[in-house]
């Protein structure tokens, strides 16, 4: 299917269920896709950070995108991350995920290599020129250690290089600059401004964002679909209450002991433990070298689910 | 060949010559290998940061390591970088470069994904367990945004996980802690402490480092071989003079206009321009999305070469 | 007067007008205070970052706080920044500004010295124990290079150490954690959660913030008072329109040429140029070593004012 | 006395002994000064970071500099830090410490306020114009979050603005650029390039540095004086052995539990505990809000002293 212009609504970055020995667990992945689709989400983003794309081999990435495309069968758009360091490597991923049927590619700034705004622009232009599907910029400074400047995003949108932005920077002021800038610019249309935040989707939609890509929507897709609906209906107090419930649920990401593991291990471990506790996936394993949660930590994830009415 | 324990001397991180359309230029690569070997270097490090490994596709990486192994024919050890984000992806590269004959693999901390010392340790242990050749840690905070702690490096060396360290952190005090710690530790032997600095090889060797991996040795391998020899002979004033000549030559990395390109584009562009001007490689192209030097900038690189007596 | 509990509404961080030779311009300061009070602001924050407190000598700081207290005569609360590196130095400022009549002190985390959450807590506890007036925490990572953790702020609020937070971090998710945490905590009452953002006051108030401390309110206090009123009245679309007008006006902070000056020089230079163009202050000078705007840059500030209907 | 041009040798940043209630302990300070002078140091640097200048009130700073000047009586130069955020505040300190007799002032880049190379240059020029004694730049990015660029330092040296540099950046390559640049520049003479490192004084002197300002020299001034002498005599192996002994002793800075305190509390607490254990000062207290070492931690400091032959 072709990507809606703009893409709107809830587009979960889909977790990648793994078997205990680190292989992609395809039956669990299909159940997770069903869980999300049945909750009414508006698109699916595979091979993002929450999908542990950084931890999946190229073969595993291929399995994930093929499964997502086949299993959803065009019912809703499938966006695929093409996370890699620089243009030539990203282009290889673009070829693979689009051959598998992805409806859009989601592209970060270059990383590992030092970069510069001129090089970021060059990167996006080259990828858009080679990609058969729309390109969505992925602003994730915590991972790539560069912030995409709002004026650069708007310039590339006006050139037709970018069809949207997934903003995982946490910087609402800069995101707002893109949202209002895209709306005001005569040369930009159909541009999707998507927040990657779990914690202020209500605020982002209120100021004009088109949608959200919250990792926590794996765990509670109904909650984010409800939140989206409340926002669109203009029920901002209802939206705020739903958002605050989701913020409390998000507390699960701090379950892992920071003396023993990093924040990523803790957050992804909690999402997968929650999906396992909810019966969606068979095994909560995360990819190496992430440290797994211990059983008391998993119990605490369960308490978060119970408090949110999800168990 | 098996890796000397410890590896010592000058081990250039070999540039990857490219054709104008971004393909690996194998004849130029072979000439560059000859240029280095004939200058008397003690090992070769392919697929490092200076090799633009972050910009090479997997197919191109394969070509480079095969060519280096075949062309040097065991005359000196070939180390191969396996630069990627996390353990599963690095393991894929380890399989490929060791199948091609690499004598050691050079491994950074995880990047893109948030990490933690416990996860870094896990990463190195898993890679060492799977690798048929020794593992050398690559400390490059400018790229991966984590510093390898000296005590972690020493602990992994004592476990037999690490055979050496390439320290590109610029932090001589922390490097010294590894050097003296490795020497003092009864459980560590044959560990290679290598500085990645171009600018204080004399100081690093004076405090006990085993060798150096300077990117500028592509341009002037004779200079670094001479510097290494002066240090080992105890001629510290001679070493300092040679080092200062090389520091001046290194000024070429700032040739590129910072308003127009990043520091990486400028530095790698200058190294390749110098190799082109010296007649070693056919084309000074750097990989996308790096910005190429302009002709006046290339002229300035030439002046650096002339001032150092290399043209 | 005693500080309202909680403090609510618009509390501008008051610019410090200077003469051409760098002395505090008291007549201009009084006019600026009138300009703000007459616009209906709810409190005044002197000696903050926007006040160039970092650039004022102790004598000048004394003049500013005395003038603000005397001139407003208890009509609205006067908060005073006590910006300094560590506890003993901050305590000296606390003594001075409270002797002059400040109604609250605004305190950052320690800076210059390396710090730690345990030391930040100790810092606030010692200051609160010694201060005759309430203590408001000032979270400004861009200046002090530490983020105040939300759980620490809430713990200190529950202890009665903190009466509020001015959040200039730009991190709306973390700010929300304080806002909802303070509301939910049985041991916290009267705590003022104030955003320091110019750009998402509407969003902050919508999620429950008590007020705002926007530097741009020096230039357009009526705008922020109107925005506050629209938010409280529940007119969120009206609020958004007003906020977007203010966001466009805020573009003036990028007027200064980044090749010639830092972001602080540009932003404070623009605020003062705007106050000068609007006839509020006599001289747009900023303190040393800030670089002044050039005349074409000042013209561009004027265009921002004109576009916002303020000239 | 006038500052030697260049200043050379060992110039300890003098700790500030405190009483249990946080007052400057003048008898202990005098004993510490004697301890340093009798060991043969070549100058004294009061009110630096190791002196807890960031934690001392202006009154206390005055006591320290007056005591140092009076007690040393011109036997060796007294440099005084004038640590504060921006030019006007630093100028106040310059007036005070030079009135008290300081022979040079040591000045960081602006901090707290965002800054820019043009503003840093302006800062140093204004201070040099107003100071009756030479100005030494203090490069300490860990505290001020800006690195002084080597080319800026050299330009200001050539202008006559700077008489020297204390480099506490840990970046030996950048320091070397200043050292060799100052030597090569026809317009620079008498410029003192001083390393602030405890850990590579041997390397810094070998590449041409004029001296060292190591905090650990409070604890073991004889060691650093010996190290300086060995270096000047060309006994580089002897120097390396002495340096390695001092590196081991420096391990005391990690005594404090990082779960309970910051790195500064740990390091300064260890220096003062060591001075107390050696009988030089009466009380090991550090200034607020630093967390004190616990008794087992102090015992571990004692073991470091014993291992270094200092107890």
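Note that the chains take the letters A, B, C and D in the order they are written out, and that residue 1 is the start of every chain.
Operating definition for what follows: a residue touches a chain if its C-beta (ideal position, glycine included) is under 8 Å from a C-beta of that chain, and two chains touch if they have at least 3 such contacts.
Small disclaimer: the values here were computed from a predicted structure and weren't measured.
A.B. asks: Quick check on the contact graph: shortest path length from subunit B to subunit D, in steps?
C.D. replies: The fewest touching-chain steps linking subunit B to subunit D number 1.
A.B. asks: What's the rotation angle, in degrees and to the nearest 5, for a C-alpha fit of subunit A onto subunit D?
C.D. replies: 180
A.B. asks: On a C-alpha centroid basis, what's the spacing between subunit B and subunit C, in Å?
C.D. replies: 49
A.B. asks: On a C-alpha centroid basis, what's the spacing between subunit A and subunit C, in Å?
C.D. replies: Between these chains, centre-to-centre, one finds 35 Å.
A.B. asks: Which subunit D residues sit where two or more other chains touch them?
C.D. replies: none
A.B. asks: Let me know each pair of chains that touch one another.
C.D. replies: Touching chain pairs, listed by label, are A-B, A-C, B-D, C-D.
A.B. asks: Would you mind writing out the residues of subunit D in touch with subunit C in their complex?
C.D. replies: So the residues of subunit D in touch with subunit C come to 22, 49, 52, 54-58, 60, 83, 85-89, 92, 110-116, 118-120, 122-123, 126, 142-145, 260-265, 287-291.
A.B. asks: If we count contacts the way the header does, which residues on subunit D are in touch with subunit B in the complex?
C.D. replies: 170-173, 176-177, 180, 197, 199-200, 202-203, 206-208, 236, 240, 243-244, 247
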